[in-house]
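In what follows, a single structure is set out as structure tokens and then discussed.
Labels for the chains are A, B, C, D and E, by order of writing; each one numbers its residues from 1.
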Amino acid sequence: MKDIREDIAWAKINQDVLKSLENPRKLYWVILFVALAMLGVAVGCEVYQYNVGMGVANMDNPHMWGLYIATFIFWIGMSHSGTLLSAILHLMHADWRKPIYRFAEAMTTFSLMTAGLFVAVHLGRVWQIYYALPYPNERGAWPNFQSPLLWDAMAIFTYLSSSIIFLYVGMIPDLAICRDRIHEGWRKKLYTLLSLGWEGTDRQWRNFRVTYLTVACFLIPLAVSVHSIVASDFGMSQQPGWHITSFPPYFVAGALYSGCAAIITLFIILRYVFKFEEYMTLPILKKIVRLTFAIAMVWTYLNAVEFASVWYSHDQASKDVLIQKASGTYAPFWWAMIFCGSIVPLALAFKRFQTNIPVLFAVSLLLNLGMWLERWMIVAPTFSHGIYPWTWDHDQWPSFVQWGMVFGSFGWFTLLFMVFCKVFPSVSMYEVKEMVYHRSKETKKQEETGKFAAAGKGAH
Amino acid sequence: MSISNLLENWSQFRHTHPVEDKPHDPYKWAMTIDLDACSGCNACSVACYAENNLPVVGKEKYAHGQAMHWMRIEHYWDEDVGEEGGREFPDQGAQFLPMMCQQCEAAPCETVCPVGATNHTPDGLNSQIYNRCIGSRYCSANCPYKVRYFNWYDYPSTDNVWPAEMAQQLNPDVTVRGKGVMEKCTFCVQRLAEAKVKAKSEGRIVQDGEVQTACQQACPTSAISFGNLVDPESRVHRQWRAQQVELDKDKQAKDEKEGGTELRGYRILENMRPYPSVMYLERVRESAI
Amino acid sequence: MGQRHLLALYSNFDEAEAVVKELRNTEIKGFDVNRDLIVKSPIEHPEVEGFLGNKPVRVQWFTLGGSLMGGLLGFFLISGAQANFYAQFKGGKPIVPFPPNFVLTYEMFILGGVFISVLGFLICAGLPGRRSPLYSANVSEDQIGILVKSDDSAANALKAIFVKHQALEIQEEAGK
Amino acid sequence: MMDSGFDRRDFLKVMGWGGAAAALSGCGNTSIENGKETVVSYVEAADYVIPGIGVYYNSTCAQCDAGCSINGRVREGRVLKLEGNPASAINRGRMCGLGQAGVQHHYNPDRLREPLLRNGDKGEIITWEKAYALIAEKLKGVSGEEIAFLSGGVSGHLKVLLGNYLASLGCKNHFVYEALAPGVVRAANKKAYGVEMPRYNISKAKVVLSFGADFLGAWVSPVHFSQQYAQFRRSVDGQRGVLIQVEPKMTLTGANADRWVPIRPGTEGVLALGIINALGTSTGEIAAAVKGYDRARVSKETGVPPGQIDKIAAILKLRSPSLVLAGGAAEGYAHGSQNAAAINLLNHVLGNIGKTVEATAAVPFPQMAPAKGNTAALKSLNDGLAAGKYKVLFNYAANPVFTAPGALKFKDNLAKVGFKVAFAHYLDETALHADLVLPLDSALEDWGTLVPEYMAEGAQINIQQPLMENLHPNTRGIGDILLALLKQRRPEEYKNYEDYYAYLRTALVQNKTAFGGHAVDDETFWNETLTKGIVKLPGTTAALSGRAGVAGLKLPAPVENDEQYPLQFIPSVNISLRDGRNSNQPWLQESPDPLTTIVWDSWMEIHPKKAAELGIVEGDIVEVTSRVGSIKTQAYLFPGIHPDAISIPIGQGHEAMGRYAKGYGVNPFQIMDAVFDRETGELAMHETRVRVSKTGQRVIIVKDESAAGAKQIREKIAARVSTDNVDLSKEV
Amino acid sequence: MHRFLRISVLLTGLIAALSISAAESPQATPMTEDSLGPLVEQPIEFPHDRHAGDADKGGMQINCMYCHTYARRSAVAGIPPLQKCIGCHQSIESVREAPRIKKLFEYWEAKKAVPWKKVHDLPDFVRFNHERHIKRFIEQQNRPFQEACGYCHGNVKEMTVARRSKALSMGWCASCHQKDHLVTAEGGTPVGGQAYWYTFYKPDTAVGSAEGLKAKGPNDCWQCHK
């Protein structure tokens, strides 16, 4: 079975995709509404917390960080798979990425935006957040560039802006299509503006190709650096359970992992909502699933390495943290994480599951749950069993404010994402055309070579 | 200016502190706490509340672990007491430990603050600038001693923290912290500043005993001594020297010696290299009884 | 004498290629293949460049400049800021420490690279730009367009060639 | 700088204090403000009063009866902080947490501000004139017998004034009541040493053997003893002092002991005799008296292992001089006097008299010497009330409704009094039942002289003077009130004293020669006195006359197993809350109990072993039931208590006294049996027996120590070494 | 080819220049430099010009610290006690009936302190020490007091009711401390190492040498923020 029908007409591609801008299924509106409601919860919580103080989140000494940071890492991680699909696979000329990379990139962008919000939500004095920006000011004071948090800010800003640019540049030809096809109205104006008068001349295509390649090259190291920097938020500190050498690769693997899982989820949703069955085909899904499985195993391995390195180290404190994770108050969550992160993906190894939409949907959600738990299990237990014995085993349970904020963040993300898919083509039309064009050519060649072979036999 | 400044003073900008070659001069505030004298009576802690405008958070918030005691008295019981097969009674008493900000020379909290709200002052303190703090709480997350306290609520406007009458007791020399900022023991910097200004105007440096921290002043057993480590005459200096504890070592020579040492000076978590400015003297227990 | 624009639309690349080849070979007065010929296609298609004879792409230079500038700027901005009036010791580290600054330099390097490359792309690809006088929406769907500019005299000859290769449609308008 | 000039009132005024609460406001705090705040400015200022610079005044701490001298920092007319006054021999510039919290007594938002007259169950505000008139009216035709005056420990000129007033009323019923006074020990000391409170010279002792005397925490004069303790630890001529603490429930002192000896409640005397026996140095009647107390028996009765007894005896023998203290835990029994006597006997045997137990100096003016509070007074008052003897009752600085054992039914008896006047700072439990409540100045607003019961060195009179003007215009000093009342009775005598200040001044200045100020003129003398805050006196030394007597020394065998009430109930004294008069000071409520780190609440300490038997775990809400009644509180598993005993701290469980005290914890006095010491008639606080039962509820205890229970693993956090490996004498 | 190179170089240069210039001037000049603060309504409209102004303008040239006497002894300059105003004015019959003086005496008879409003009111977390500055400028460098006070308070002798005329913002304070107030052996650092207080590094060369004394302003944030 082929990744995509090769005789599919280019005009049809345009129509199908452009349809998604017009009339999705009812489910779309349901999702949108639910997302909005969820966001409402978060906004309420934030207002409450802003007025009363961080205390309502039920953090304390030593539990200075809570779900906010954990979820922050989660969303950052989520963003990585977009880059994986668009940039890495692009360099590898894996053209099956073409129908799906667009929404993957959108996912990158929006999950980064969500992550960014958590930084603000986490701050005790969010109204002073501008202190953390390096801008020449009257006070003559600068942020502290030694702080991993600042590296974070820098990295995330770079990553966000780059991904937006990457997403946009890659979309220009499609915007041109929309410009040409869409009926009159504000949208047409918008597309006209954004498509920058793209005509698809040879000169444009030439520079386009090079630029797209260059930015892709930049994005890969960038993505890696971003999550290793997030890892260094913890790795740079002296806390047991954080001060671990294998953290950066561990985080990156985790990031790709959760990202891929999220892609599967969204893949399934979009496929249904926008009737993209023809482009987001099962064979492509199968490819992603296999990729996910591979990364899951990498993550599992790095997880094991982390435990092992702690186990064999002389750092008694870290050992205690590990033991406490596995047996203390947080044990259920910790084991749940192991289950969701390492056991559940094994299901993906089975062929019959690799194309079974309901199963995949459930699994992908479980995987993401596992990855979220992982982030929480990195943050919380260390606080309740740090170096200093006086504060040991002082466990703390996040208040509804924290939960609400986490809950709402998913609403926020879904909202942005869904709106994007409605306003912009979530399948790259021109690249699907390319895909179809090249594939059909390939097959023609093969057929011809086949014919000649047959003819040759006939001759003698 | 800064680029030119950068190039001019490059060597200075590459100095590290105190590990390398940054002698303090003329001041390096340090403290010694004699655990054998300390009776754990909490006087220092209350004195700190009085001096530094610490809010009383009340039972509920205390239950949430949101107490604001800069100076907390910890006690530790022997391992085996109450355990299975262990001793039935703590018959050697408890071990009390007044724990406050150790004013580390290489403080883990300083490097991680995104806005540089906590820095190392020239007189060897770990400053905390409230109005610069944005409340990322990274410093506390990175503090090995967990002695940084965060304003989870806006205490000045909270009921029964400072009613109108009690607000009159607030020390005008100390800023009252609003919600969302980190705070910690300052070695009573307001007192130090006052003394320094006085000394400066008289063209001298602060003499030993001229300035006391609130906890030191209150301590009924005089277990706390505080002063200028640079001044060879100061009690603190003499104590540190007698105990052979050196500020910029992460392992004291005396501990390397065979069969240990007769000296009881030590610094907590020294091996993590924060170079704390507080030396503790081990608690002593009679062997004959 | 005046100028004239012609746009011919073709259904596939082979025809387009044939046309271009012919235009190259035939010597038409008042028309220069390398200057007056533009091929428009719905997809990025290396073959087009192939038969157009490859013209150099300069975006990389922007990339180079941008990333270098980003990097240098990053380092000096940060070090300068650290060394400014309120220089403070932090955790016993030097006031201008290398590891953190390198991390940030690295990010700035990428940032500069990406931004300037894209800037370069816009400049090189002449975007944003007004749309050329003759534009057919079909180009963005499934047809290849060949846009030529020539003196009035050459117009007929060109048109002939286009027709010969079963152009789906030929648009024409007088240029200034 | 501490000179206090002519009219103090004037510059004690609180000036506009814009910058006082220098606040870090929330948003937009980086802008500079214009014309929002008012500047501190004076009408007239003494030239040493400078805005932004603290002025210090000496006074006396009134948080407990130890009589530490304080040194208050005043800025812009507001007292900010209390420090110790270095000149005082008692505290030598040191302060305890309790003393530090004095400012919160002064600034307490729940202080009484107006005279209140009972109207149904509400109090209506009346003027002072009306109040005085009312008292005069109520006293009309009431004989002195029918008047009772209940007060806490009073001394100095206040005592004189009070005495005069009572005399003017022809009233002899002055009950001086202190809930936690060492009454039994006083009596025993009187017998053994000839003085009620000798000077215990801890800093000279090489070994201190303390039978439940919490001298570092709450016993007699903690700050003074703490300082001596510090020297004693450092070295007593070259040797580090050894502290052995014998008590059923670990006190702060016990936690600091080299050896804490848990003993079966009530058998302290037995152990003392056992030690004398083990010493084997005694002869004659003493030897005879202790003959029976061989180590086997003693060990069996006290539960102290024989080896331990020998060790104690050995070290006492080896290191002399030593000091033996009899404290709260030993005296709180029906045979408390016997215990105390036995313990004091040990001092005689060890020959500590005159070495570490020294003669003390008394103030040459007996009328000013402290009227020592005790609990026997409560009993006699209560009996009187029960008999309905009294028509009018005055109450000052005592809160019997809160601190009287439940068995006495004090509250009911109090109701029998026709007219009850309370001089009070807060609307505490007793004031709540009064008919007329007169608001007092805080200790930082009032004038007075204090003579501490425990004299450190020489003799001294402490001056109490205002550190700022009255916070509330309508409060009065107790002295002023008494003076006003006296003027009702004897207008002639007192007409030329405008107020108590004038009275004090004259009283002191008249005898300035006796106070060592003969050279100077009155003005200077007065100012110097106020500046110093202390009047040091030559003092009259009371020689130690007591002798080692064993007459009437018989100790009952410990209670054998009591089925119904199996446990001994030990009401422990919290170092900061004491008898509960300070429970409404938030700093104290929030300063954790040193041993359990529990805040804002009561708890029941029980030994883990016992708890295991009863199936109790930490945080269980348990019901503690005695013959008298029962209270519910949270259980805290604490290895530092004898398995046969449980303990609940005193001071919590207020039903009144304002927002910081009301409704926190439980009041152990409620279940206390009314057992009294056979000889002295003092309340035997430890004689109550209880049973403990689970209620099924469980809470998370609010405490500072970690749930893990504060044990240190690996890391060198709070290190400890044995004396073998250190030499303190070399230290700086 | 070269065109593109030129463009890229140009762009690089442009942006570099911009950002470096940004880094070059860490404190951009305070926006409100020398702009007058709002006019504050005072209980009595006190005429500084009459008291401190120059003789030719009818002023009496009274030393600032005659009234604001606390400035030299305390961190806060304070407002003179009412008794000081009265001290002079009860003997100045000429203006006795002037409305402002009447008001003054009303306060005096009522023994009420005049509720002056703060004009130079820094945020509560900023602590400026008058004593130090007076000591340095007037006692050690003996500059004319009106100049010294004027650094922060502007030309008060020309005003009636004082009015803020300097920014009093952090950058503004700092700019001064960098600029021209070098810490010299005479100028406020009697004890050798004291120069250290004003430099971010301990001078390697002996104190007294120019380099060791380059005043970089107090680098200890706790100097002002406590």
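The working rule: a residue touches a chain if its C-beta (ideal position, glycine included) is under 8 Å from a C-beta of that chain, and two chains touch if they have at least 3 such contacts.
These figures come from a predicted structure and were not determined experimentally.
K.L.:
Between chain C and chain D, how many steps is the shortest route if every step has to go to a touching chain?
P.N.:
2
K.L.:
Once every inter-chain C-beta contact is counted, which two chains account for the most?
P.N.:
Summing C-beta contacts for every pairing gives the maximum at B-D.
K.L.:
In terms of CA centres, which chain lies closest to the overall middle?
P.N.:
B
K.L.:
What's the chain with its C-alpha centre farthest out from chain E?
P.N.:
Taking each chain's C-alpha mean as its centre, the farthest from chain E is C.
K.L.:
With chain centres set to the mean of the C-alpha atoms, which chain is at the far end from chain A?
P.N.:
Most distant chain from chain A: D.
K.L.:
Please report how many Å separate the Cα centroid of chain B from that of chain D, as a whole number.
P.N.:
The mean C-alpha positions of chain B and chain D differ by 32 Å.
K.L.:
From the C-alpha centre of chain A to that of chain D, how far is it in Å?
P.N.:
66
K.L.:
On a C-alpha centroid basis, what's the spacing between chain A and chain B, in Å?
P.N.:
Centre-to-centre distance between chain A and chain B: 44 Å.
K.L.:
Which residues belonging to chain D are in contact with no fewer than two other chains?
P.N.:
In chain D, the residues touching two or more other chains are 19, 22-26, 29-30, 52, 705, 710-712, 715, 717.
K.L.:
For chain E, jot down the residues that touch at least 2 other chains.
P.N.:
If we look for residues of chain E contacting two or more partner chains, we find 20, 22-27, 75, 123-125, 169, 174, 178, 200, 219, 221.
K.L.:
If you look at chain B, which of its residues touch at least two other chains?
P.N.:
Those would be 1-3, 9, 12-13, 15, 22, 67, 72, 74, 76, 108, 111, 113, 116, 119, 130-132, 154, 173-176, 179-181, 269.
K.L.:
Going by the contact rule at the top, pick out the chain B residues touching chain C in the complex.
P.N.:
Checking each residue of chain B against chain C gives 1-3, 5-6, 9-10, 12-19, 22, 104-111, 113, 116, 119-120, 275.
K.L.:
Quick one: in the complex, what on chain C touches chain B?
P.N.:
Touch list, chain C to chain B: 76, 79-96.
K.L.:
Under the stated contact criterion, what part of chain B meets chain E in this complex?
P.N.:
1-3, 9, 11-13, 15, 22-23, 25-26, 119, 121-123, 125, 127, 129-132, 173-176, 186, 189-190, 193, 197, 200-201, 203-205
K.L.:
In their shared complex, at which residues does chain B touch chain D?
P.N.:
So the residues of chain B touching chain D come out as 35-37, 39-43, 45-47, 49-51, 56-59, 62-63, 67, 69, 72-79, 81-82, 88-97, 130-131, 154, 156, 160, 162-181, 214, 217-223, 235, 238-239, 242-243, 260, 262-264, 266, 268-269, 280-289.
K.L.:
Within the complex, which stretch of chain A touches chain B?
P.N.:
Listed in rising order, the residues of chain A that touch chain B are 52-55, 58-65, 122-126, 128-129, 131-132, 141-144, 146-150, 153, 233, 236-239, 383, 386-391, 394, 396.
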